[in-house]
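Let me begin by presenting the structure, written as structure tokens, before commenting on it.
Every chain is named by a letter (A, B, C and D) in the order it is written, and numbering of its residues begins at 1.
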Amino acid sequence: MDKVISLEKALSLIKDGMTLMIGGFLANGSPDMLIDGILDTEVKDLIVIANDTGFPDKGIGKLIVNHRVKKVIASHIGTNPETGRQMNEGEIEVELIPQGTLIERIRAKGAGLGGFLTPTGVGTIVEDEKEMFEVNGRTYLLEKPLGADMALVRGYKVDRMGNTTYYKSMRNFNPIIATAADMVIVEADEIVEVGEIDPDHVVTPGIFVNYVVGRGQ
Amino acid sequence: MDKVISLEKALSLIKDGMTLMIGGFLANGSPDMLIDGILDTEVKDLIVIANDTGFPDKGIGKLIVNHRVKKVIASHIGTNPETGRQMNEGEIEVELIPQGTLIERIRAKGAGLGGFLTPTGVGTIVEDEKEMFEVNGRTYLLEKPLGADMALVRGYKVDRMGNTTYYKSMRNFNPIIATAADMVIVEADEIVEVGEIDPDHVVTPGIFVNYVVGRGQ
Amino acid sequence: MLSPKEIIAKRAAMELKNGYVVNLGIGLPTMVANYIPEGIEVFLQSENGIIGMGPAPGPGQEDPNLVNAGGQMVTVKPGAAFFDSAMSFTIIRGGHVDVTILGALEVDQEGNLANWIIPSKMVPGMGGAMDLVIGAKKVIVAMEHTAKGKPKILKKCTLPLTAVGVVDMIITEMGVFEVTKDGLVLKEVTEGISIDDIRNATEADFVINKGLKIYHTESGVID
Amino acid sequence: MLSPKEIIAKRAAMELKNGYVVNLGIGLPTMVANYIPEGIEVFLQSENGIIGMGPAPGPGQEDPNLVNAGGQMVTVKPGAAFFDSAMSFTIIRGGHVDVTILGALEVDQEGNLANWIIPSKMVPGMGGAMDLVIGAKKVIVAMEHTAKGKPKILKKCTLPLTAVGVVDMIITEMGVFEVTKDGLVLKEVTEGISIDDIRNATEADFVINKGLKIYHTESGVID
């Protein structure tokens, strides 16, 4: 059950128009090798779901700058002025979602839930067109699950079966997007043999992972 | 910020009529010292939220056998015939909830959600009196959050600030109940100094934990 | 000679494919693990928070801190992982289990399943069963064909349901049914069992598959 | 002499109590960490998945794999923990943060907050702010009293809201307001600032607390 593939093979799986979840938070813990790899292909019209769009020269931001993305679903785009510019010029569609709602919608998809009630966004433009509910005297919005065709995950030590650990603040969105996409590719800082990771320390069990690519290719 | 207290002090916090979440799965990973300790007190009329009621002589089952519990909210009571007997005789109230719904309701409380939509239980007696929703053509039940006055958690290596790790299958309900109760007491296999646990390996951050008691008292 | 339970467990194991994530119910379904064919690697999941269970521990290998959802001591294989119950049901309800094999009190021709309660007689609770049958990609009921001579495969379940229309396949010591939207289809009979035997032991309506096959219990050949 | 921003950060730090879980917004609020009083131990949380942040890294201590929610490199103290974003917002939205200190574009006398968008001018997104102000037990807005001479403390916010009725306290270089259900109460003025100064810089209605105090910026004494 060796899931390790080459960068080339991984990139061949990414197609025009796909919805991609990409890990990372302000480019910290993003799968940079895969992102750079996409830039070497012709892939375009991507829909990207991520916390933010990084910086123009770092992380997901590079995909924006190079016009590979037609729509972004994120909580924050302020650190990448190019995203704002493309949005204002109508070159890219941007959907902004509160960070806690965004990650919980992704989790809901992974967990087979039909949605959840959150107090976040009540009384703001976030509530537009959403159903509202009272529970124990508090008002909540119904938020729906959010999935993707593919998740690009940045892992730290990853075994050949896909069992994944994370390093420091690089964890962020990565373990959650790994549960919510039809195909999951983990970019590993280090590939280790099966059995080298203590089962108590595995964060993303390998059953969620389709492919592993090692960094430094 | 040393949260370590004696067993005696921990037991003094548990009062008649309290709602207690108790970790463990068929008595594996349950806080056995605290459970045994309760039996040495006069505490009664507890409401217990747990996966199951263990066995008559093991885990939560002992609290049932000793008539300390007036109500149980669990997914399974089959391994403890005494729970069934007391239920049939009207000595104890039992509310049965599907396991995935039970743990998710506890998580929802910890995560500040007003509820979630699950497909589990649709078309069964579990749906009685619950609101139903269609999302993308599938039917879901709205399930509400579930909290408690106190959570009794079984940890493995736990530092003095309450940062908690778990061992093998003893993890089960423990990390989730630690997020959902007004007061959280962790029974630790081993108390270690702050800094001894790799921050990447902490499962329950110490901020969720009010007190730590060491086993073997 | 295999016992009826062994026949069922061995046949059910033949439904497992390489790489499958599998959850086995308590009792007979747990025995399926003993019959996984050579060359097939599956990932056994347990509700209490394990993926990658191995065989039962040998003498001296037991660890009381490592049990399955039935409370039995187990081992894990290299590449296993432990997690909490919320993650466990993310796996289960989220569609990340390829097949669950579990027992039933009753199953009916619409794929309804009853396996958690006999009101005022036996009220063990549903445990994780309701989530498993809703979430797993394929649900196989593996059970003896009758209970005390009475059919368990019914036109309509009489006991409170575990879930509606979730069963994909029924494997008994007598044969194998597929549940289709048009009802039950008998796909296989066990060698030595006649279709009349099955009719007599089954309350549900069923049609017989055109290419009905025979299952040879010792060799494991289906032809 | 402290700058206005330093006055605000230092005063805001005095709201922190021992053992508090604290989330600091980007910019001015991040400076609060530099003024935490002696003997007060707080747990600094960051949306991207950290609890227990320490001071900024010294030369050679930087780790590009350890940044806060503003993207700045940070350190962690012994007893820190890392987790994923779902857990981070369990902490935030679930009421496990004692206080969040953040900036504002506008805040009003009903405790409404606007700090994430200026339509068709600046659309950075809300990030975690909407969750933070809904979830934290106490919400402190720490900001300069005016922007380009125009009041930011209004009768009614004009920009799209971050949340409704969530602000508990407003700390500026001029003074400290509490938000009550009856409106704003001026609790403190900074030494050298008159009530008329504050009236002139504030659009919102406010009442003056009976025991109005004066905040001495250098000594940190409030009397």
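Couple of notes before you dig in:
Note that a contact is a pair of C-beta atoms (placed from the backbone, for glycine too) under 8 Å apart; a residue touches a chain by one contact, two chains touch by 3 or more.
Keep in mind that this is a model prediction, so the values were computed, not measured.
Where touching is counted per the definition, the chains common to chain B and chain D are A. Remark: among chain pairs A-D and A-C, A-D carries the greater number of C-beta contacts. Our note on geometry: chain B versus chain C, Cα centroid distance of 29 Å, whole angstroms. One inter-chain figure worth recording: chain A and chain C are separated by 35 Å, centre to centre, where each centre is the mean of the chain's CA atoms. The mean-CA centres of chain C and chain D are about 56 angstrom from one another, to the nearest whole unit. Among the residues of chain C, those touching two or more other chains are numbered 82-83, 86, 89, 92-93, 134-135. Looking at chain A, one finds that residues 104, 107, 111-113, 118-119, 166-168, 171, 199-200 touch two or more other chains.
Chain contact topology: the protein chains form a pattern that is neither a line, a ring, a star nor a complete graph. By the definition given earlier, chain contacts exist for A-B, A-C, A-D, B-C, B-D. Contact residues of chain B toward chain C in the complex are 25-29, 51-52, 74-79, 84, 87-88, 94, 96, 98-101, 103-104, 107, 118-126, 166-176, 203. Partner chain A is touched in their complex by these residues of chain B: 104, 108, 111-119, 133, 135-136, 138, 140, 142, 144-145, 165-168, 171, 199-201. Across the complex, chain B meets chain D through its residues 1, 107, 109-113, 159, 161, 163, 179, 194-195, 199-200, 202, 205-208.
In the complex of the two chains, the chain D residues touching chain A come out as 46-50, 63-71, 82-86, 88-89, 92-93, 120, 122-131, 134-135, 160-165.
Taken together, the chain D residues at the contact with chain B in this complex read 19, 21, 41, 43, 45, 51-52, 76, 78-83, 86, 89-96, 134-135.
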